[in-house]
Structures are given as structure tokens and as C-alpha cells.
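In the part that follows, the structures are each spelled out as C-alpha cells.
Both complexes below contain subunit A, partnered by subunit B and then by subunit C.
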Partner chain A sequence: MNGWMGTILTVDLTAEEIHKERLDPELARMFVGGRGMAVKILFDRMPVACDPLGPENMLVFVNGPMTMSGALSSGRYMVVTKSPLTGTICSSNAGGYFPAAFKTAGYDAIVICGKSEKPVYLWISDAHVELRNAEDLWGMDTRKTVEVIARATHRQARVACIGPAGENQVRFAAIINDADRAAARSGVGAVMGSKNLKAIAIRGTGGVNIADPEEMLRVTVIADHIKKSDLGFAFKEFGTPLFADVMNAANIMPTKNFQEGFFEDADVINGAEIIDRTLVRSKSCYGCPLACGRNTRLPENAMYRGRGDGPEYETIYSLGSNILVGDLDALTKMNYICNEMGMDTMDAGTTLATLMELFETGRVTEVDIGFPLPWGDAERCIQLLQMIAQGQGFGRQAGLGGKYLADAYGAPEVFMGSKGQGFAGYHPRAMVGQGLLYATSPEGGNHTTGNTIQHEINGIPEPMDPLTPDGKPELVIMRQNETAFVEACGVCVFPYMLMEEGIEILAGLYSAVVGIHHSENAVRKIGERVFNLERVFNSRLGFSRKDDTLPRRLTEVPHGEGIGEGNIVPLEKMLDRYYALRGWGPDGVPAPAKLAELGLG
Partner chain B sequence: MGKRIIFDEELCTYCHLCTMFCSLAFGEKGIYQIRPAIGRIRVAANADDSRYVAHVCLQCKEPACADACPAEAIQRDPDTGLVSVDAEACVGCEACVEACEFGCIFMVGDKAVKCEVCDDPLCVKACAEKALRLGDTGEGDALEQGALYKEVPL
Partner chain C sequence: MRIRVTLSGPLREYYKSNRSAKNEFIEMPQGANVSDLLAGYGIPPQKVHLVIVNRRKAAVHDLLNDGDHLWLIPLAAGG
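Up next is the complex of A and B:
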């Protein structure tokens, strides 16, 4: 096959059995790969009502047919499972170098089932697959785990693992690969921890077949085109932290737990400050010319020590503006701790923000936490993050996430998220399409399932009023469907979702790699199928319109001074139209006719 | 005057596109594959991840790989300066890999392979940062490039 490797690997940790099966071409045709193929596998093979942290849940590591194909930014993989944070289906993805090893070892997906009696790690060297004892690795941070496993297996092995947070089943624990890249969201690391699986280490020496190499070579022209564009320049120069200036200027940089959209200290935690203070160099994921990664280290005169990657913009918001930490060194240190302990920086931040607001209003006290937690106290945040990861004291409770805390302490309205997952760094009151996205994302408050920045904020392809609901249901549906296809292909959303003609270019490259020709609309249809199957998965669990919600702070409290002053997110109005356009019932459940149209009947 | 691939460390971002596209030129006949494990150019990072270096043959004037080869499978063309491996003659002993202090000759299966400078090199085409270019052997400083390889080995 071109693009696909043709093999799905299943590892049953309970029975200690390893099984390989040929990829069903029909599965590949209908769902492509990545997020698409994985949700189909889970839907067919797993009881959807299972406990996310029980042995029945399955953890699918998956790449797509375009992963490692040489197409732009093709070094991605995803982890798809039932989330312990949201109770929904989720797909968490990462770049780095592990995805390249995973794909070239010869697998489209690795399905992890059951639960090991003792800690183990999975060692894969091309066709060789073996479970190894990981008792000595349990408790180890992610960077050390990578080093030790590479020494024990092969120096070219690439490792995805959990840290103490995953072992302790922190509900927003991440799976970290190559020490610095994170499949961060939705608590995928906790699922891995619940299975006693410390790591997957892979060495791959195989290749990805390409249908049309001449056409593929055109990628270099596209890469050149991107590098010469403002986007390409800015990504290499500043990485995602460039968004700090853009979002703050648009009054949508969430500040003080989304009370505001403007952070007065944004200019000391932005992309330029990173260049001045912590950047070692720009760094690429495997096969990506954009090089948006921030390889950083804390300078000699900082209060903290450490090195790693980051912060990305989402971390600048979540561990910076949203908790009023205007200190790059401190927020970088928090980022490093999250990577080393294996936690999502975003939900770590929204959890801290929730707690700070609960503390300010006296619902949570110094006695509960063990110390006071005022806004902006970075020292205490650092301490609390360690306690969360290690499951110590109040950290164990905090590790259940912001929604849990807000509910438990009697103020559910202070958790800024949807379906239990904290929001990303775009304040929907001055960007209302993003609000609809957060409410309808299959995995809760998530920005990667169809971000509307390009249209609402950057005005590409043409300026669009971010404050009005008009046209937003159409926009969100289009972006969600396109993104689902991008992530089924196993490539990065950045070039394809930020370039004006991204989806057209992707459809062309898809043909070049796999040899199947699809129009732009045909690939959107595939994305729609994937998105709908995720929705069906959630519907079976009882999720419906009642769960497609936003906190009152977004739908009732007017936006502050600046752009969008006085604005709110008119969610219900947008939802009515969104469901109708989706072909779903007014309760938000996909109608049989729509499912039949998509081949999901 | 011969040719070689000239590398600029300042511009490298460790993306490996050079390795990926290089491999396209060397797959089995009739099959087009992106397969980094057969690439003739390979990228290394140092231990603390602060330096990235693409290892590609310097086309040495006095190639240690050729000297070490018991089968005389590696020859330097005196006119073009190109150092090449005769795959048929290669016995797969890996003596050349041991001998090359720059880490620029690799085993693929049981044969030694190295950069033999394509006419229109895909590695150069694929490098969006232009960290690689096709130059004359007399250009740039091969010794300096070689020093990088010793500092940041594969």
C-alpha cells in the first residue's frame, strides 16, 4: 500500500499477548487513519460505557498514511482513547521524532488493551515486539525515562512515556515523547498509567511508499513558498508565542481565569522575550520545515534551573496570563515541570486558575491547600504542580482537575472549560466562533479540533467580524471537518489550517502519497464522517445538547474594556443553527439520515 | 573540480527532510519510498540538544574509508574528487564505517553507502532553511565541516 504500512498491532497487557493484523483496506478508505481510524477501532472493539481508567478502556497510538511521507509537517502521531477528564472520546496529538520511528517500524496503529499486573514498557524494533519490566522506571521523570530506555534498547530508539503524573492518574496527565513533545490533553497519560504501561520505545528502519514522487517533490516548492511567507518567517522566528501579541492586541488573551482578555504583562512573556532570554534555537519536528519548536533553557541569572522545549503560546496563556504570572522564567520552569512530570500545561493552568479564584473568594482556604494561593504567586504554583504530579497532600485532589474542584467547592461557574476540559488561549467573548468550537468539540474545551483564529482574528481569506455569531456555525463546521481530515492523515494542523489554500494543498498531497484522488469537498466529507462518529460515540454515553455548554462568564458576563467591550457568546442561537446545518436533531444527536449519508448507518 | 554537499550549522533545525528526500533516490527499483534508514545524509543532535549537524561525505582527498577497505571497493576519482563505493565489490565488513572519523559512511543492509553527490541533490532541494548546498570541493572549509562531525557525532 502507498502511505499506509498495512499492519495494526494489538497488545493485550492483561494476557501479555501480542497480535498483528493486516489493515482492512475498507477501514483505511472510509476513515483514512489517525484520529479517524482510531475512533472507528474503539467504537467497534471497546464497550463505550467502560471506565476510562479501567482495563476495558483501550489506548490507541496511531499515525496516518501521510505521516513520514515527506508531505509538509508530516511528523505527527495521535493517542486516541476514552478520556478520564471528560468521559468522552478524545484524540491528543504530538510531533517530535517518536512518530517517525512508530511509522517506519511498520505500524499504522498500536492498540493497547487490558492492564498489566506490574509496570511494563513496550519495546518495538521493526517487526520485533516485546513487553519488558518497568518496575525500575516507575516514578522516573520523562527525560530520565527516555535516556534510560534508549540505553537499555537502542540509541536510535524513540520513546513516548508517562511521568509520575500519569502513574498517579492525574486526570490531565500527558504522554510525553522525545522528552519535550506532549500528547498532552484529555488525560491520555492517566489512561496509560492505569494500564501500568510506562513507555513505548520504538526503532524503525522501514519506509513509507509514495504513489507519485514527482508530485511529492513539489512539496519542496510549497515549503519554499511557506518559508518566504510572513507565516513561515514568523513561525521559525517566534514559534507559537507570536500569538501572545496577536491575541493580546485582539483582547482575547485569557487573563485572570477569563475575567479579562488583556494581560498588561504580556510583553514580558511573549515570543520576543523568549528570544531575548531563553531561546537556544528554533527546532523542527521530524519532516517539518516550519521549525516552530522553542528549544530553551533558563539563563544563569534566573531563580530557576532547567532546559527543555517551550513555552508554547497555550502555556503562556495557561500558566502566565490566566493566573497572572508575568514572569517568563517562572512560567518556563512550570512548563519544564509539566513536561518532566508528564502533565498537560493547559489543564494544569486552568486547574490553578480555578483554585486561585476559589481561594480569592474564600471557598478554598490556606488550610485546605496547605498554603495560600493568591493570583500570580509563581512559587506556590510550582510547589502545587509538584504536589499534583506526585499525588501529595492537596495535590491529589487538585489532580482531579478544575471542574472537579469547582464542583466540590460549590462554585461550578468558576471552572473555565467545557465537558471538564479547560479552554485554550482564545477568549470567546471577543471571538464567538471559538466559543461554539469549544462547546461542540468532541473532547471539551479544545482549540485544535477546528480553530477559527485564521478567519476570526487573522482575517484570512477575508476579514470576518469576531464579535458576531453570523456565519460562525458554517465556519466552525467547515474547520472541524477539515481538521478531522488533517488529523486522520497524520500531519500537523499548522501549515494546512493556517495557509489560505491549506486544504486544497493537503488534498493534492494526499493523492500524491496514497494514490487516491479526492477533491477538497471529498476530503471534507471524510472529515465530517470522522467528526460524526466521534459525536455518535459520545451520544451513546448520553452526551447531548445539555453538555454543549460554556460557563456563564462567557455567555452572560459582558467582555471588558477594548475590542468587543460588552460582548457575550450567544451560544444557544449559534447551536440551533449549528445542529441544523450538521443534520443533527435539536438535542444535538446525529440524525439517522445524516449517519446513513456518511456511511455510518 | 569536484562537488560536495556543504552544510551550514547555523541554519539547521533538525527536521531531517534532507534524509527523507535523499532516501527517495535510493529505494528499490520501481518503488518510491521515504526511508530515512537508507539516507546518505543523516542528522545528529548533541547530548544537550543545542546543536544539530547533518553528516554528509566531505569527499576527502585522502579518504580513510578507501584506505581501510580490504576489498578496494571504495575509490576516489582523481579527476572529479568523488569518493564512491562499488556495491558489487563491497564485502560488508564495516571497516570503512569504523575508519571514517566523520561518521559519513553508513551500512544499509550488508553494503556500505555514502553520499556520491547527485547531479540535482534532493537533500538540497528539500532543505527549506538552505542549510545545505551543492558546492565545489574547493569551496567552504571541509576541515571545519569535519570538525563539526567530531563535535556532534551520530
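Up next is the complex of A and C:
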């Protein structure tokens, strides 16, 4: 097969059995790969009502037909499972070099089932697949785990693993690959920990067949202009932290648990400050000219020590402005801890923000936590992050996430998230389409399923009023469908969702790789199919309109000064139109006619 | 009149004080607009994607007022 490797690997940890099967061409045609193929596999093979942390849940590592194809920014993979944070389907996405090894070892997907009696890791060297004892690795941080496994297997092995947070089933535990890249969201690391699977190490030496290399080259030349553009330059020089300036200047940067949109100290935790203080070099994933990663080191005069990657913009918001930490060194240290312990920086931050507000209002006390937790206290945040990862003291409770804490301490309205997952760094009161996105994302408050910033903030391809609901259901549906296709392909959303003609280019590249022509609309239809199947998965679990919600802070409390002054998110009005345009019932459940149209009947 | 100017990301090369400044104050004549300020800095308008004055979007022909805080921002994206 062109693009696909043609093999799905299934590892049953309970039975200690390894099974290889040929990829069904119909599965590939309908769902492509990545997030799309994985949700179909889970839907067909797993009882959807299973306990996310029980042995019945399956954990699917998956790449796409475009991964390692030579297409721009094609070094991505995903982890798809039922989330212990939200109880929904989820897909967590990462770059680095592990995805390339995974693909070239010869597999489209690795399906992990059951639960191992003892800690193990999976070693794959092309066709060779083996489960190895990992008892000595249990408790080890992610950086050390990568080093030890590479020594024990092969120096070219690429490793995806969990840290102590995953082992302790922290509900927002991540899977870290190549030491610094994170499949971070939705608690996929906790699922891996529940299975006693410490790591997957892979060495791949194969290649990917391309149907039409000449056409591929032609489209790639068109796509290459992005790296020479001002945006491409800004990405490489400043990375995503540059966006902190945009958000703060416009009063849209979530601050103090979304109570405000402007952080006084944002200019000491932004992209320029990183360059001047901590940046070692820009860092790219496989095959990406954008190199938006930040490889950093804390300077000699810092209070903390460490070296690693980050922070990205989302971390600047979540562990910076949203908890009032205006100290780049402390913020970077917290980022390193999250990477080393294997936790999502975003839900670590929204959990801390929830706790700080609960502490400020007296619902959680110094006695509960073991120390006071006022806004901006970086030292205490660092201490608490370690406790969460290690499951110590109050950290065990905090590791259940912000929604759990807000509910348990009688103030559900202070958790800033949807379906149990904390929001990303965009204040929806000043960009209401993003609010609709958060409410309708299959995995809760996640920006990666169809970010609207390019339209609502950057005004590309044309200016759009971010404050009104007009056109937002249409926009969100288009972005969600396009993103679902991008993530089914196994490429990065950045170039393809930021270039004006990104989907057209991706459709051309996909056609060249697999050898079957697909128009822009054809690939959007594939994305729509994937998104709808995720919705059906959730609907089977009872999720519906009642769960497509936002906190009252966003729908009832007017925004402060700046672009969004006085604005709220008119969610219910947008939802009515969104469901109608989706072909779903007013309860948000996909109608049979829509499912039949998409081949999901 | 006195204007506080913040130059974001790659635009910081145009600071008059030093490139690591967080912001700086400049004097502009009464009646000056954003375009005049860009000209004073020598910043090509196409390098500026967003103009924010006092946390609101502004256009290049908008007049400036004493005490304004103006941000010049290139095309950027987060995630």
C-alpha cells in the first residue's frame, strides 16, 4: 500500500500475546489513519462503557499515511483511548522523532489491550516485537527512562514512556516521547500506567512508499513558501510563545483562572524573554522547517536548575498568567517537572488555578493542602506538582484534576474547562467561536480539535468579528472537520491549518502519497466522518447537549476592558445552529440520516 | 504627546532604546496617527499584522492620544 505500512500490531498485555494483522484497505479508505483509524478500531473492538483505567480500555498508538512521507511537518503520531479525565474518547498528539521510528518499523497502529501483571516495556525493532521486564524502570522519570532503554536496546531506539505521574494514574498524566515531546492531554499516560506499560521503544529502518513522487515534489514546492514567510520566520525565531504578546495586548490571555484577560507580567514570560534568558536553540520535529520547539536551559543566576524543552505558549498561559506566576525561571522549572514526571502542563495549570481560587475563597485550606497556596506562589506550585506526580499527601487528590476538586469542595463553577478537561490559553469571551469549539470538542476543553484563532484573531483569510456568534457555528464545523483530517493523516496542524490554502495543499499531498485523487471537499468529508464517529462514541456513553457546556464565568460574567469588553459567550444560541448544521438532533446526538450519509449507519 | 510603544517579537529590532526593551516611551506631535509612528520607527507596514491601542484593535489611520499604549504585533499563532 502507498502511504500506509499495511500492518496493525496488537499487544495483549494480560495474555502476553503479540499479534500482527494486515491493515484492512476499507478501514484505511474510510478513516485514513491517525485519530480516524484509531477511533474506528476502538469503536469496533472495545466495550465503550469500559472503565478508562481498567484492563478493558485499549490504548492505540497510531501514525498516519502521511507520517514520514516527506510532506512538510509529517513527524506526528497520536495516542487514542478512552480518557480517565473526561470519560470520553480522546486523541493526544505529539511530534519529535518517535513517530518516524514507529512508522518506519512497519506499523500503522499499535493496539495495547489488557493489563500486565508486572511493569513491562515493549521493544520493537522492525519486525521483531518483544515485551521486556520494566520493574527496574518503575518510578523513573521520563528523561532517565529514555536513556536507560536506549542503552538496553539500541542507540537509535526512539522511546515513548510514562513517568511517575502515569504510574500513579494522575488523571492528566502524559506520554512523553524523545524526552521532551508530549502526547499530553486527556490523561493518556494514566491509561498506560494502569496497564503497567512503562514504555514503547522502537527502531525503524524501513521506508514509506509514495504513489506519485513527482506530484508530491510539485505540491511540496508550493507548500515550502511558508518557511520563507514572515509567519515561518516568527515561528522559528520565537515559537508559539510569540502568541503571548497577541493575546495579552488584546486582553484575551486567560489570567487568574479566567477572571481576567491581561497579565501585567506577561512581558517577562513571553517569546522575547525566552530568547534573551533561556533559549539554547530552536528545535524541530522530524521533517519540519518551522522548528517551533524551544530547547532551553535555566541560567546560572536562576533559583532553579534544569535543561529541557519549553515553555510553549499554552504553558506560558497555564503555568504563568492563569496562576499569576510572572517568573520565567519558575515557569520553565514547572514545565521541566511536568515533562520529567510525565504530566500535561495545561491541566496541571488549570488544576493549580482551580485550587488557588478554592484557597482564596476559603473552600480549601492550608490544613487540607499542607501549606497555603496563594496566587503566584511559584515555590508552592513546584512543591505541589511534585506531590501530584508522586501521589503524595494532598497531591493524590489534586491529581484527580480541577473538575474533581471544584466539585468536591462545593464550587463547580470555578473549574475552567469543559467535560472535565481544562481550557487552552484563549479567553472565549473575546473570541466566542473558540467557546463553541471548547464546548463541542469530543474531548472537552481542547483547542487542538479546530482552533479558531486564525479567523477570529488574525482575521485570515478575511476579518471576522470575534465577539458575535455570526458565522461561528459554520467556522467551528469547518475547522473541526479539517483538523480531524489533518490528524488522520499524521501531520502537524500548524502549517496546514495556518496556511490559507493549507487544506488544498494537504489534499494534494495526500492524493500524491496514496495514489487516489482527493479534492478539498473529499478530505473535509473524511474529517466529518471521523468527527461524527467520535461523537457517536460519546453519545453511546450518554454524552449529549447537557455536556456541551461552558462555565458560568464565560456565559454570564461580562469580559473586562479590551477587545471583548462587556462580552459573554452566547453558547446556547450557537449550539442550536451548530447542531442543525451538523445534521444532529437538538439534543446534540447525530441523526441516523447524517450517519448514513457518512457511511456510519 | 507621550506614547508608550511595545514592539512584539521580530519587530523588537526597531526599538530605539535596545532590542531587549519591554517597551519605550516616545514623543509624537499632536494629531499624529499610527502610520506616522510606523514611519518614525522605519517599520514597513506590511510587517505589522495587528495594531492594538489600549488593548483594542486599531487601524493605521487612527489618531493617537497622549498616554496611549500602542502594541505593534507581527503575524503569530499559538498552540
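Convention: the second predicted complex is superposed on the first by the 596 of 601 C-alpha atoms of A that agree within 3 Å, B and C clash if a C-alpha of one lies under 4 Å from a C-alpha of the other, contacts with A are read in each partner's own complex, and residues count from 1 in each chain.
Everything that follows uses one rule, which is that a contact is a pair of C-beta atoms (placed from the backbone, for glycine too) under 8 Å apart; a residue touches a chain by one contact, two chains touch by 3 or more.
Keep in mind that what you see is a predicted model, and the values were worked out from it rather than measured.
Applying the stated contact rule after C-alpha superposition, one finds that A:Arg281 touches subunit B and leaves subunit C untouched.
In the superposition on chain A, A:Phe531 contacts neither subunit B nor subunit C.
Contacts of A:Phe359 after superposition: neither subunit B nor subunit C is touched.
Touch criterion not met for A:Trp4: it reaches neither subunit B nor subunit C.
Look at A:Thr104: by the touch rule set out above, it reaches subunit B but stays clear of subunit C. By the document's definition of touching, of the two partners only subunit B reaches A:Gly207; subunit C does not. When the shared chain is aligned, subunit B comes close enough to touch A:Ser69, but subunit C does not.
Residues of subunit A that lie in the contact sets of both subunit B and subunit C are absent, per the superposition on chain A. Contact residues on subunit C toward subunit A in their complex (touch as defined above): 6, 8-10, 12, 20, 22-23, 47, 49-50, 52, 55-57, 71, 73-79. Subunit B makes touch with subunit A in their complex at residues 13-17, 20-21, 23-24, 27, 31-38, 48-50, 52, 122, 125-126, 128-129. Interface residues of subunit A facing subunit C in the complex, by the touch rule stated above, are 230-231, 233-235, 237-238, 240, 242-247, 249-251, 262, 267-268, 271-272, 276, 312-314, 425-426, 447-448, 451, 453-454, 457-458, 493-494, 498, 561-563. The touching residues of subunit A, when paired with subunit B in their complex, are 68-70, 100, 104, 204-211, 213, 216-217, 220, 223-224, 226-227, 236, 280-289, 291, 295, 307.
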